[in-house]
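Same chain, two partners: subunit A is paired with subunit B first, then with subunit C.
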Partner chain A sequence: MTDRWSAWITGTAACLTVAVLAWIAADLIRGVGVVRWQFFVHGPEDFGRGGGVAPMIVASLWLVLISWAVVIPLGILAATALVVGRLHQWPGLRWVEWALDLLAATPSVVIGLFGNAFFCVALGLGFSLLAGGLTLGCMTLPLFVRTTQIGLQAAVTQHYATASALGLALPTTLLRIVLPAAGPAMSAALILATGRSLAETAALIFTSGYVPRMPLSAFDSGRSLSVHVYDLAMNVSGGDQAARGTALVLVVLLLAINAASRLLLGQHGIGILHSVNVGRSNTRA
Partner chain B sequence: MYRTITELGIKGSLVAGVVAPIVLVLSIFGFLTIEAWPALVDVPWAEMLFRPAWHPAVEADQGDFGLAAMLVASLAVSLGAVLIAGPVAWLTGIWAAFYAPPRWSQGVLRCMELLAGLPSVVIGFWGLVQVVPLLGELAAPGTCLLAGCIVLAAMILPGLVIAFYVGMRGVAAELQLAAAAVGLRRWTFVQRIVRPALRQPTVDALIVQGGRALGETMAVLMVVGNVVQFPTSWWDPVRPITANIALEMPYAEGIHRATLFAGGLMLLGVIALLVIAMRLQWRREGA
Partner chain C sequence: MSPNPNHQKFTITGDDAPVIDIRDLTARYGGRTVLRQVSLQVRPLRILTIVGPSGCGKSTLLASINRLTDLIPDCHITGEIRVEGQPIFQRGYDVRSLRRRIGWIAQRPTPFPLSIWENLELPMRDHGLGDRRQRQQRIEQVLHRVGLWEEIRHRLHAAATELSGGQQQRLCIARAILLQPTILLLDEPCSHLDPLSAQRIELLIKELRQSMTIVLVTHHLAQARRLADDLAFFWWRDGAGELVEWGAAKELFTQPQHRLTDAYLSGDLG
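== the complex of A and B ==
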């Protein structure tokens, strides 16, 4: 008897949980009416109530590409160093783990404050796509490092002893064996980081700004898709339908990214999502 | 010779890679402190921490710089989110781990991954056009603390469900067979064996997701009404500290700007304390 009741209660909770997703999706779908091909090639008209989102798509692309310039080199170095360092028992590695955990937990708005103070003011970049992209790079670094680290750790466990036994030097082992073997994990990490960047809003409002013009260079201010959704919803009366359409475009883009990372990560997917959510690395020995 | 130089180069860049995250964290703290410094010096700390009046100005003696109401609002909104999402996620986790057919529980988890992948601005938009009007029918205008709690609850729900589910499966694998063999009811098994075993991981997950809620900006900003005041009920409009930063940073100058950075520094301080507490806890567990 108890079991039937408990199954019923927990099942209701599960339905409630899934209903939240369904509710959000049902509202988003209503935006499909504004998404035609013109939506992707025209600029916004009438403060965004009409027209399209072409400048926002270009701005989002700029931001993602610039964030890659931070994340790829620094992230690969940091992840490799963590794995090799653990193997050779480097001192002080614990502090790097602390730093990454803290960075991962830091609210994006705080990273935005840092980006504004450092990139916009101290480096004199002003409100620009460059400043915004660099800020996003700092924000997504821990996610990239943690995901790459998982792939590298697996490659090292598998091949490192063999390589040492063959007398291969450290550079050869790393460049020719370990890094290529971790390729899929690295691609997945980059895709996850890209998704996080595309979804970000708070850190961008006061680093890359919200000018809805077509950006002509990385030094221009630009409005990302996510900032466009925010602006339409909050500051433009009658902008709801356009906001819905933009949000739908953004979400479909993110779903594609999600699917791509799942393909690359294979069965590790859920474990990585878990470790990223809980902040507890499952690579810890 | 060639070999040692390459090796040196690789070692050098690896050291750089190791140092980079630490440098980044230190410069975040450094730059926030530098920018907040005028406020930390010129605005009395008691005013910032304990007074609710927020009438920012460029000069310190021309305005009021109380952050108290916004700090309280931040705490209230994330606490409310954890109170709403926690029980629902726990029950959903139990269902997915012990009651549902495997195919169904995979379905729920897949849904949670989708929900976790939604940008906060999209969840905020849903709150604005769906939740707020609904609450507005009960008590106008609908933009209030409760709306913020609900939106944040939707945001942290997937993380909690996945954490609980993974934890439950971890405990249960062999114990579940043993429990079934001695004829325990599933509910008894969950209450007497799973729950005590998962006490610490559950608290950890709630703290981590509560921390996320505390730092969330856009979703909350869009639904809470953004009036600076101490909340006296769930139906009061409030302004959390993160929303304040996002709303005023684009144009703030002088002491006003410095006070926004001081608010960010406080937020970072709280998050840092949470991270340190969790890490110390794990070390005690010997993880």
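== the complex of A and C ==
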């Protein structure tokens, strides 16, 4: 009886999920019509009703790369510090974690206002991809740190006692065993963070702007794909088809970035971290 | 029944000065005492086997010898342990060097998620033992010693986790003895292995005894009988583990002083 019910409930939930996915896929596929190779190399014409999305792709890539430059090094350091802190029972650690969770839950508009006040105005970066990317970095850092921390904690639980019993130095344990073991978790964290960055509009309108021009450097302002989709759907009558096409490009870009981050930090990432370390220890030996 | 619960059946003098000397060791987790007033000595190049019911603090005792209990936040140890004459709980004591000199093998094999070769080489390199070529020679030697060389020589760069449980356990022993320890702590090293693998490990322990002092925790009385030079028997009292009796294994098996020891070793208890 209960078995039958739970089967029904899970079945319905599964069907609903698939239905939503199918709807999205259908919408995206309707966008295929506008996606020709010109779409990738031309700028928008007629407010985006025609032409392509090349400047937005470039702007989005800039934004993602800049946010990675913030999130990957800072995030790995912070997550490692949290895990080591827990080992040594640093006081105040719970407050730091609490602050991170609070930050992770902060609405992106608020982060955008902060980014505008801090990066654009206080640091004088103006409306630029750099300001936008740094803002996205701040926005996704807590998520990345907390997800990475879970992976690191699991590796510590599994290997720390063994490493200690062998008298391994803490840096060796962290660099050679714990961090590589957490590679897949880090890659998942990066995918989550990047997904949020690519989907972001509110935080970017205040920081990197929405000029649909080809950005020539990180100091130019630029319009991300998401901002473009938003603009086409909300402000441009007859822009629906182009919006669908842009959304399709966005999804494909997201898939490509998934693959890239897997390569950077996942299975292959272990190899990368690894060769860096082997190089280091050989010079010492 | 013996009037002295820590009844000792031989005197330790001269060359036989204990390698590990435990005095009045009490261990608590939080406020709960799990091990009370243990005094015990381990003679050089002997196998001391520790037996007793589950949860009476055998692993805790073992972990306090290499100060692995430091890692457990609410674990509190009082009393004294001297290893090779040095009190290990003293302030400023070099724990890293202590842990290099004491190998520790856990119940389940614990290879790192690295290749077989890296599992063995990483700790040596971290302790600065030998140059590349010397390490290579030592690793080959030790793999012969633990009987793994023929089995894995062709796949030294495969992941260590791909080995069988018994092979992994021998790899862990190899990893420990590559650091040239003088003491080896083994916490039920065979309990997760098939009889054949267990037998191989037993033979290995016997062989290792020629060059190091061994403390072995086991639930397997037949194994204790086969391997032990000395035997320590722990039992519960008032919710904490206590040492009931210890001494030469032969004597404990044939004429124990304590009724509990007799019952346990003859298989009537636990």
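The rule we apply is simple: the second predicted complex is superposed on the first by the 223 of 285 C-alpha atoms of A that agree within 3 Å, B and C clash if a C-alpha of one lies under 4 Å from a C-alpha of the other, contacts with A are read in each partner's own complex, and residues count from 1 in each chain.
By our rule, a contact is a pair of C-beta atoms (placed from the backbone, for glycine too) under 8 Å apart; a residue touches a chain by one contact, two chains touch by 3 or more.
Since the model is a prediction, treat every value here as computed from it, not as a measurement.
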Applying the touch criterion given at the start, work out whether A:9 contacts subunit B, subunit C, both or neither, answering first, second, both or neither. first
If you stack the two complexes on chain A, which partner ends up touching A:160: first (subunit B), second (subunit C), both, or neither? second
Does subunit B (first) or subunit C (second) touch A:72, or do both, or does neither? neither
Classify the contacts of A:89 with the two partner chains as first (subunit B alone), second (subunit C alone), both, or neither. second
Counting residues of subunit A in contact, which comes out ahead: subunit B or subunit C? B
Identify the partner contact of A:114: answer first if only subunit B is touched, second if only subunit C is, both if each is, neither if none is. first
Looking at the overlay, what does A:174 touch: subunit B (first), subunit C (second), both, or neither? first
Considering each complex separately, which residues of subunit A are in contact with subunit B in the first and with subunit C in the second? 169
Give the list of subunit B residues in touch with subunit A in this complex. 3, 6-7, 9-11, 13-18, 20-22, 24-25, 27-28, 31-32, 34-35, 87-89, 91-92, 94-96, 99-100, 108-109, 111-126, 128-130, 154, 157-159, 161-163, 166, 185-188, 190, 204-205, 208-209, 211-212, 214-218, 221-222, 242, 245-246, 249-250, 260-261, 264, 267-268, 271-272, 274-276, 278-279, 282, 287
In their shared complex, at which residues does subunit A touch subunit B? 2-3, 5-7, 9-14, 16-18, 20-21, 23-24, 27-28, 74, 76-82, 84-85, 90, 92-93, 95-96, 98-103, 105-114, 116-118, 122, 138, 141-142, 145, 169-171, 174, 195, 198-202, 205-206, 209-210, 226-227, 229-230, 233-234, 240, 243-244, 247, 250-251, 254-255, 258, 270-271, 273-274, 277-280, 284
Provide the residue numbers of subunit A that touch subunit C in the complex, in ascending order. 87, 89, 159-169, 172, 176-177, 180-181, 281, 285
So in the complex, the part of subunit C that touches subunit A is made up of which residues? 66, 68, 71, 73, 95-100, 103-104, 106, 110, 112-114, 122-123, 125-128, 131-132, 175-176, 179
